[in-house]
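Here the chain labels run A, B and C in written order, and each chain numbers its own residues starting at 1.
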Amino acid sequence: MATVTVRNVWKEYGPTVVLENVRLEIADHEFVTIIGASGCGKTTFLKMLLGMEQPSRGQILIDGVPIRPEPDPDRGVVFQRYSSFPHLTVLENVMLGLELRSSKITGKLFGTARREARAAAMAMLESVGLAHVADRHPAQLSGGMQQRMSIAQAVIRKPKILLLDEPFGALDPGVTADMHELILRLWEENRMTIFMVSHDIQESFQLGTRLLTFDKLRVDPQSPEAYGASVTYDMPLTRKTKPKTLPS
Amino acid sequence: MRRLINQHPGRAAGLALGVLPFIALLVMYVIASHLRLAENPDDKLLPALGKIASTFHSYAFEEDRRSGQLLFWVDTWASLKRIGSALVISATLGMVLAVGIGVVPRARALLSPLLGTIAMIPPLAILPVLFIVLGLEETAKIALIVLGIAPCIARDLALRVGELPKEQIIKAQTLGASTWQLILRVVLPQLWPRLIDSLRLSMGSAWLFLIAAEAIASTEGLGYRIFLVRRYLAMDVILPYVVWITLLAVLTDLALRLIRARAFRWAEPER
Amino acid sequence: MARNFSLRAFLFAVFVGAALLITQAARAAEKTSFNVAWSIYVGWMPWDYAGQSGILKKWADKYGITIKLTQMDYIESINQYTAGKFDGCVMTNMDMLTIPSAGGVDSTALIVGDYSNGNDGVVLKGAGKKMADIKGQSVNLVELSVSHYLLARGLESAGLAERDIKVVNTSDADIVSAFATPGVTAVVTWKPQLAEVSAMPKTTLVFDSSKTPGEILDLMVINSQVLKDNPKLGKALVGAWYETLGVMLAKDAKAAAALEIMAKASGTDLAGFKGQLATTFLYTTPAAAVAASKSPDLVKKMDLVRKFSFDHGLLGEGAKTVDAVGIEFPGGVTLGNKANLKLRFDPAYMQMAADGKL
């Protein structure tokens, strides 16, 4: 179960108000897509879910429990770039989550535990179609493959929530269709609640079960920072299991 | 005719150009030496190549009359031991400080101003104090080198830690990493190649400080020997020693570069 | 091809030009301007005073020449003199033998200024020690300098040899701080460091140069060829030297002022400087200096010095015997290879001063 409650959340930096009174109830297994103009708090919102930032006022709860004020395994993340570890192979990248969980002192596994973790990681790689590059390093992969690895890396820990920060923004259009298929499949298989920030409106409609739009409710031209953004549209979308094919 | 910037020498020509300055210097030396020796056969400033060779031979392969040792090798070993110890200590100290300052905000607040200040102390100026506090033996000499290069290594590596993308750190935390695990599995492994880079850059300074320390109070060592015979303008001893030190520095640099390439393939830039 | 030819010609010109630049050998010819180097030490401070007070200029003008005094680090000055950058330089007799003379630069001791009469000494930690107590210790000093020589003489006096101790080369600037560390128990050095070290509690001065009179001489050394071609230089320098000594040693206010100036220039106060002078045996009159130069004692002392130098390999790699470098004394007396006389004691100019003929 991974229900998310956002209770009267404000975010201010000094005199600047970024987010104003955000209130949300997200059910388990939702795929929440988030859109909005630049500077309207989408990324800030995601960072607060992640634990990177703390709300100035209000609370965020998962399953009724306030989230910890720092990133933790309950909330997985895939960034647009740089979330892979260049010194590890693709397989080791994906194994890392399992190793960190089980081996507190050395951060590495040995013997049977290691073999089991390897097997689980290989299975994960197969499911995202990267088994053939298991021994390469991320720098040798294409952008799309790196993102697939990053997703696999996060999902193998079975987080309650998966946060995606414009994950497909840097990829070629031809690759994104595959990525959509992948993320939807993993979403189904692992029953996570996903929050995805995107600039692509079409993508947001295609993938999401619920669309959130962040925008500023009021703007004072004299002092633009006085009012923050909030959720201006909150739209449930038809629950999907497969993406709609793109119109040719 | 292409522009100069677009004229590339071929492989053989490139090699020849690279060797040319050395040959030119050698020829200039031989001419100058010959002229001086013609006026004064005992001249010590520019000894003949033959004399340099025979002096070097006596230092390296003939036992010294008074101590029965092969001075050249005794000196080399003594200096290498000192600089080797200093490099290991500096690398360790540098890594520990860098990881502390780079990863743990409290440690950064505590140590960063201190480290920055220590890095500014001119080591040669503080040498007499070192000798008073640590004595005139090996400790003070190694300490001088460490004082000279460890702060730079630490600051360089700390900067490198800061350059690690924040996304990596956050990702690791979402995968369950504690601070310790983060250091062990994310930060340290990425610091090793940078440590090698930092050591390579510090080698010149390390040799400088080694020679300075040996000049003050010593009984053997490459720097010791150079300063001892400096009184007598014995360039036939000094020149081979300087060439040897340069060679050692070049070889060490090469070795470090090879280690970096072999052990940390992932860190090499794409060709 | 025209391009290749000009390249080759250019390279050749660069070689030759650079080679010529490097070799600035002392051209033996008459000239009117001279360079003399000095360094800070009690025995040579009069040169600084001579330069500052105008005495040197007066004498140089008298002979129609200019003399430029340059102060430097001691060893650096001797090396520069050996390399031909200076016409003259102050130095000790041992350093004269082992650096310029052994380096083939024919040099003449124009002025025998003084000998160290307690300015150099061996100090051990602990009260009531004797020279013999040095056995088995590590001794910090400037290796192969006059301190080393003094140590050798001191060891001899106690029936010991150099293998009974261990020599640790220590830069003279650091001798005092070295002695302050617990690991250092024996040092050999000269004043003012010697004074500071002796002043430390629980130390004993077990040997000093007053026990080796006439062996550590402070000289004004001139390139023999330059001197031969330019006797005016010799006359001017000697004249200036003895006039300065005269001023210094008079018992009047001017002398006190002169001593004050010299003390300050050498980095100490009047009391400290007088303390150094007390252990320096100045040859106050030219006659005394001439007598010292002509004395057979000088030959004996130089023999000791050259033996020490040879034993420590200081006469050069090619020196097969102690005779390798020849030393000339007044009256045709020589030590060592007559065909290779590189160190000369020539009291001719001091004699002129004694006769009032300057």
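In this text, contacts are C-beta pairs under 8 Å (C-beta built on N, C-alpha and C of every residue); 3 or more make two chains touch, one makes a residue touch a chain.
Predicted, not measured: the structure shown is a model, and the values here were computed from it.
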B-C compared against A-B, more contacting pairs: B-C
Identifier of the chain whose CA centre is least distant from the whole-structure CA centre: B
Intercentroid distance (Cα basis), chain C paired with chain A, Å: 82
Computed distance of Cα centres, chain C from chain B, in Å: 37
Rounded Å distance, chain A centre to chain B centre (Cα mean): 47
Parts of chain B lying in touch with chain A, wherever the complex brings them together: 165, 167-168, 170-178, 180-181, 184-186, 189-190, 264-267, 270
Complex interface listing, chain C residues touching chain B: 11, 14-16, 18-20, 22-23, 25, 75, 78-79, 82-83, 95, 98-99, 102-105, 140, 143-145, 162, 166-171, 174, 177-178, 180-184, 312-314, 316-317, 342
Footprint of chain B on chain A - complex, ascending: 50, 52, 70-73, 75-77, 79, 81-88, 96-97, 99-101, 104-108, 137, 139, 150, 153-154, 157, 159
Chain B residues within the chain C interface of the complex: 24, 27-28, 31-32, 35-36, 39-46, 51, 54-55, 58, 65-66, 128, 131-132, 135-137, 215-219, 224, 227-228, 230-234, 236
